[in-house]
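Next come two complexes built around subunit A: one with subunit B, the other with subunit C.
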Partner chain A sequence: MPDLQFQATVNGRKVARSAKPHQRLLDFLRDDLQLTGNKEGCGAGECGTCSVFVDGVLMKSCLMPVAKAQGAQIETIEALARTGELSVLQKAFYKAGASQCGYCIPGMVMAATAAIRANPFAGREEIKERLGGNICRCTGYQKIFDAVEMARDVQNGKLPASALSEIEAEQGDFIGRNVRRIDAPSKVSGALKYAGDMTMPHMLHVQVLRSPHAHARIVSIDTSAAEKLEGVEGVISSADVPGEDGFGVFVNDQPIMARGKVRYVGEAIAAVAAEDALTAMRAVEKIKVVYEQLPAIFDPDDAMHDGVPVLHDYAPDNVTKHIPIRVGDVEKGFAESDLVLEETYATQAIEHAYLEPEAGLAYVDPDGVVTVVSPSQNITHHRHMLARIIAKPIAKVRFIMSPVGGGFGGKEDMIYQGMLALLAMKTRRPVRLVFTREESIISTAKRHPSRTTLRMGLMRDGRIRALEMKMISDGGAYGLSTEGVMRKAAILAAGPYVIPNVKIDTIGVYTNNTPSGAFRSFGALQTEFATESMLDVAAERLGLDPFEIRRVNAMRDGATTHTKQKLGSVSLMRALDAAEKASAWEKGAPNSRGGNRNDLNRDDVRPPVSLGARFETADKQEAAE
Partner chain B sequence: MARKRGRGMAACWYGIARTATVDRAGAWAEIDDGGSAKIVTGVTEIGEGILTVLAQIVAHELGVKPADVVIGDNDTARSPEAAHAGASRQTYMIGNVVALACREARARLAGVMAEVWDVEVDLIRTGNGECWAENTNHRITMGEAVDTCKKRGVVPVGSASFGTDTTGLDPSDGAGRPWQAYVFGCQVAEVEVDTITGEVQVLAVWAAHDVGRAVNPKGVEGQIEGGIVQALGQGLMEDYKLRDGHTSTSGFAKYILPTSLDVPRVNSIIIEDPDPIGPLGVKGIGEPAMVPTIPAIMNAIYDAVGVRITSLPATPERVLGALREKQRLTSLQAAE
Partner chain C sequence: MLTCDEYLTPRTLDEAFAAMATHRGRYRVVAGATDTLPWARQGRAGDVNIPVLIDVSKIPEMNERGANDRRVRLGAAMPFQRFLDDANLGRAMPCMPRCAVWFADDQIRAQATIGGNIINASPAADGTPCLIAHDASVELAVARGGKISRRKVALDKFILGPSKTALEDGELLIAIECDALPGYGGSFEKVGHRRSLVISLVCLAVLVKLDAAGKKFEDVRLAIAGIGPVPQRLTQVEKFLRGTPIDAERLAQAADMPVELVASRTRQDYRRDVVRGFMMRGLINAARRAGADAQALTGELEAAYA
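Presenting the complex of A and B:
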């Protein structure tokens, strides 16, 4: 198809350029005009960070072919603060603390701008509904609603403009004060450059070939056809790794690209650097891999049986890590108990879903330093590992952490930085890789799914006499953070309670599933879910209020933990008291008494959602006043 | 009534910084021209707000304004090692080490000014961009103080290292000292369950968390609100599905995340039980904020409709299934 002669007005300026017919409006704005304020988060119109105005209408620019915007008036996030001064809404986001990682914020600001243009008097519930097409993974949305309400009230003259300015510290003490986030202006204006927004002169684009099989031997990789393609500057596979291959947070069991066999669907096998991403993509399709499929294992319980496939030679039982904790004698404790409960709990794998998919650049600097720029949560460890993998002295390897568009543990793994380094070394040119959302989801770590068996023995007065827990967790194909997750899960499993007899076992297992890794709350979420759920059952059975059963067992100042550590000050009682008081909790055993409670539906509870029913018109609003 | 309400609660504990290993971080500080401050450390922002927290700590320690703090960071070739961004360690490890580096830089400046003014060094004060000697008329701007130092051949710099007194776990019984700072928390959730569709809405969460010392209370609230909503996602809707190693949830059309319409009103209560070991008393909040949310919601579902969800997530299908099972058991009992 011939190029398109594209004309439009973008942020007040006439633009006349040729564009590729396959380009989306988002690509044209970001790649051709370098307007990188609006981001790509999903490429499917689900997340909203690419939202721009087309002829004044909020549009997801990842869903719009550029040809559809022919002749239109287009405004991006850069249009809102064109004079250098933030808009009222941007200032309100700054003041309210509405940005965290900032990656969703350009789209969120556009959607919020549209919301108060559509109804300058919109109430909080209507604002929520109008922002329903934009996902934020960091903030929990509350401060975003606060910001939109604040901007609305300033615009309507209900609040002075000074409501948006910085507070003054008293006596120069800035600790304990709500100082505005110093990085917020760069985030609400779209000025901050994440790795996927960065370019370098003479830069190549990288694409990755990934495994379609969960477990297979790689018989051969033939890259010759890919290398011959015009515009391809370098193709790499595990044969190109000069040093000792293998990375991981606790055990270096994962090669930069599959070596000899693949262990999960989506594992990297080879990578191409080419003049543009499309050429790199075509080259990836020309790489021929011959596989010999191997039996695979998908259930962690099955993985521990004899005679099943073994994923890694160093772990013939497929156990990545087993953490035991032992205090007292649980069998004796259960025998002494008045009530013994037993239940199994299960938690699923979940995705970090940071709005910024993985991206990075690499180059070799004039002094021969291999440099990787990426949103890595652990540049220190990555530098160590990469130096060994590419056989360079540590001083010749440099990691720069670019602004992180959400991490939550998911960017602790060196899952793609090795490929970037190898391609920069091979091509002697800067290279950049930007994951698609699908690539991010299939190839990077998840939260460990778990199956937990829990037994709890209690005395009639609520005291826990014994607790026994066994958690089996699917670590997937590689170790990543499994060892650490099992450790934290075990240490915290029995909760902040004094229990004389404790037996905990957490076991992380290899399977051919997507690897599990670090995820905010790191194993404690799984084990404490089980313990805290069972305490509610115990309270019901013993006729105790759920706060009371926790107070009966609570660790106090000077308590000893289940790992036999003596604590100093313990704030648990204060936390219980504070939550009970703030929620005006009505005392009683948790026996499904919801229907009879008198503490429900207070002022600090939001109304339930009924879609579309809450839109207020200006007339209605004015009439109400 | 098709829609039923209930409440549940859960508590939590959590360890701050790296687990069962020695954690460490380094930082450099300089009180710079014009009374600004230059801070260099190896790892900072992933969205939690640590840059702002550091600017506040630096302003507090040096007596400059947060807006005059410049932070150089996150480059293995240009900044000292500070390990990683995770483990709820940023305010604790980076905050404390930056405070210590600032104290060294400030001591250099104070030493020069004590000499110039001929007063005891303990009488030198700095705050909000000014430097003065207590009980005297000596008072200049921090910019002038830096200038004075430099004319005497002194650059007011400092550096620090902050490490934890922690150990690994015994391989047989787990005994050890995995952390030196612990936090505790408690959350109450109020839900509404639609008994026809099985849908659960979380209408409010009251969240009380110990953070040691809240450097920026709004930032703490942001971590609590965000953590609760991530936990709500895992509790009610998110599910990475695999079949024979292939996922059927590779995009946001199938992998469902909480939106603005799903989130509860979060009422945060910040508790400050200062850490006695670090110089600032701070602890952390990133991860603990998520821990009690799911059991609080599941306990609230039981309070509302009498079914215990033990396998996550509590999707409408799963809640309806549990309600039908409960009805079946009730009618069986009635028939007996």
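Presenting the complex of A and C:
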């Protein structure tokens, strides 16, 4: 297999090296040149974290075989602040607060640089379109667009350069002010190292064998062929766990790797550490697993019937957690109501899609301390669980939290750190695992899908007399955060409203689907989606304005919640006022004004699905000339 | 993940055919590689090893492009971005720049080739409807006994179905030739889940030539994709409009005509609604860009479908 003799100019320096013929430009830059500022968020052209300039043209380096860049001038994010001073755009990103987790930011800065180079006068719409190939999951984009506009104006002399400089800390007064993020320069420059960017001397690469079945008994695992492969330094399965296997946020029902049976597609079964990722991948293909398929269950309602497959012995009814709340007497409340509504609501599984796929590095330090570096959102808890699992005293287990490239709750679970620890212990070498996007989606927690039946009784003036809700949630194959999510869902189900009679049941159920877990809002989304939707239905039925019906029911300062929490202050009324104003809501019942609003042709409102702002700029310029 | 043992970048057609002969049965051609790389990932083809990849994007003949008032010739390895960079091409193919802004994003567009888009033969490929509306044909070449022979096939005959074309083993797509349509107004309507990086659920290419007064359709060319296995030319509608004045009612009738063609595997009702709306919007946009008379194309009509 002849290697390529690759030559190029990278960030102003000549590079001549051999490269593997299948390498992508991104691999070459990150792995061979250690230019890790640009990231691999998806590997499929969808996210833009890998955007680099090739002969002055911005390209997605994950889609470019390295041979295509033969002889080219390549600039990565590291090129922009080569002198040590941030570029105008980087300064503007810093100033505008346009970076949060920062994982998208190097690519975003590159795309912004390309946009302003292509049209130094681009308007906001054109900027949006030109940045269309880059995804950010944290910022909501507005601050990014603000930053690009700011940089454009500084560059064009419309704003003074001082607009980008630091503001003095205002006498220690931070509340209500825009405070700069101190970590932003490291993010806009690409200098910050996420776990997948870190390397250690002598490091091995890990790949994981995952289950193709939703529910199956593991009859046998044969790793002998994998172990024989040259370059393979260690193979592990559940048999290698020295301590008490099992992790979770509330119940420790999940083994580090499948033990005896698999419960969802994508569950880890074995892992390999090898000299390079490709060898580890080839070794994974050589692991032979014999399965005996078991009937699987995919619907949480079905899972609660008698005689269906049971996922975990400790929960014969497949119920992970049931949270009941009772206040007053709902039947009496419904009897007193002028209007009783009943509806069912459903929400789907949602992937967090943080831009940083899971990654981690582990090693055993000279004192025998097993150390795991990963973007874990819960390192202290992980540390305690891991100590028990690998049968070490807590002082011999260390967790280091690497910068989290977005988590949103999805990185709370110790889904892969255990495998890393075991492989570091087995091989006595540093090991690193970097998930692909597909692996991240297939194997990690999702937002709980839910099915909610809701009954609401109201008086003619909009006051809610009674609310009865039952939410069934698909918790998937393992418990993870289900218990907490059910609790929060129940606590917040009736919303910030004064309701005398409340009956709530939230039930998390085991199925053979991908496990559900923490996701920002943590259960509130599912139940409040039902309650808030129902309030809009009620507003329609009662001919009330949707803001008014909420005001009528709003908890005020000093209120006691349905779970007996006393609230010192309640900001709901202010929030409603602000939302009403910001949305330019036309007063009236939701159904009082027909299907359409007629402001779609306003200058600041773009008609749906259009593109081509750059043509309009061009037309305007032509007209001006 | 895509792996290969060799990655070859021939500099001439002869070199390319020689490599294809040497590695017969073990190679795959790539141009921009923007379809090939994502294809070899988990959930699609998975991990794929192709012993030899032959990259044809550096062959000069496949990068040529030229347009005069009558004809356009595009090398197969030309990236879509050229439709935005090259004003001469934009004049000869008035809906292509509009198509190009919708194509992937500013970055992939610089790498994704027009030939790759045709050969990949996705029912939702964005480039193909415009080309079909230009009566495009493809020029194919094959080397036999050391001699390169060429043939031409009309593009709408060349695409046979999803991922299926009439390309034969050992053949390369060299160039695309089509009518130049300067003076036409062009529009390209597309919808997907978002604006960038999105596969068309429906896309429509519209080319319109008006009489000197800007009141009558002299020529109309329409092609649509995403509603069935292959892109199609809407000849019936073209005939129905050709030679008629711009008129709201007639436009509405025309817009209804292709609705019955929707034969996609999913979301048929939605697509029917979209087709009707796109026909109106596409014809109006193209007519406006062709210099339609303000009285013929009332502001009301424009506003309703902008």
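Here, the second predicted complex is superposed on the first by the 584 of 625 C-alpha atoms of A that agree within 3 Å, B and C clash if a C-alpha of one lies under 4 Å from a C-alpha of the other, contacts with A are read in each partner's own complex, and residues count from 1 in each chain.
The definition used in the following text is that a contact is a pair of C-beta atoms (placed from the backbone, for glycine too) under 8 Å apart; a residue touches a chain by one contact, two chains touch by 3 or more.
Treat the numbers as computed from the prediction; the structure is a model and nothing was measured.
In the superposed pair of complexes, A:Glu438 makes contact with subunit B and with subunit C alike.
When subunit B and subunit C are set side by side, the one touching more residues of subunit A is B. In the superposition on chain A, A:Asn378 makes contact with subunit B only, while subunit C stays out of contact range. In the superposed model, A:Met281 makes contact with subunit C only, not with subunit B. Once chain A of one complex is fitted onto chain A of the other, the partner contacts of A:Pro2 are limited to subunit C, with no touch recorded for subunit B.
When the two structures are aligned on the shared chain, A:Gln70 is found in touch with subunit C, with no touch to subunit B. When the shared chain is aligned, subunit B and subunit C each come close enough to touch A:Glu46. With both structures placed on the common chain, the touch criterion links A:Val57 to subunit C but leaves subunit B unconnected. Contacts of A:Cys101 after superposition on the shared chain: subunit B is touched, whereas subunit C is not. In the superposition on chain A, A:Phe174 makes contact with subunit B only, while subunit C stays out of contact range.
Across the two superposed structures, the residue set of subunit A contacted by subunit B and also by subunit C is 44, 46, 129, 132-133, 438, 442, 601, 607, 609, 611.
For subunit C in complex with subunit A, the residues that touch the partner chain are 1-7, 9, 30, 32-34, 37-38, 41-43, 47, 53, 55, 57, 84, 97-98, 101-102, 104-108, 110-111, 190-191, 195-197, 303, 306.
Across the interface of their complex, subunit C is touched by residues 1-2, 4, 21-22, 24, 43-46, 48, 51, 57-60, 62-65, 67-68, 70, 111, 114-115, 118, 129-130, 132-133, 278, 281, 285, 436, 438-439, 442, 601, 607, 609-612, 614-615 of subunit A.
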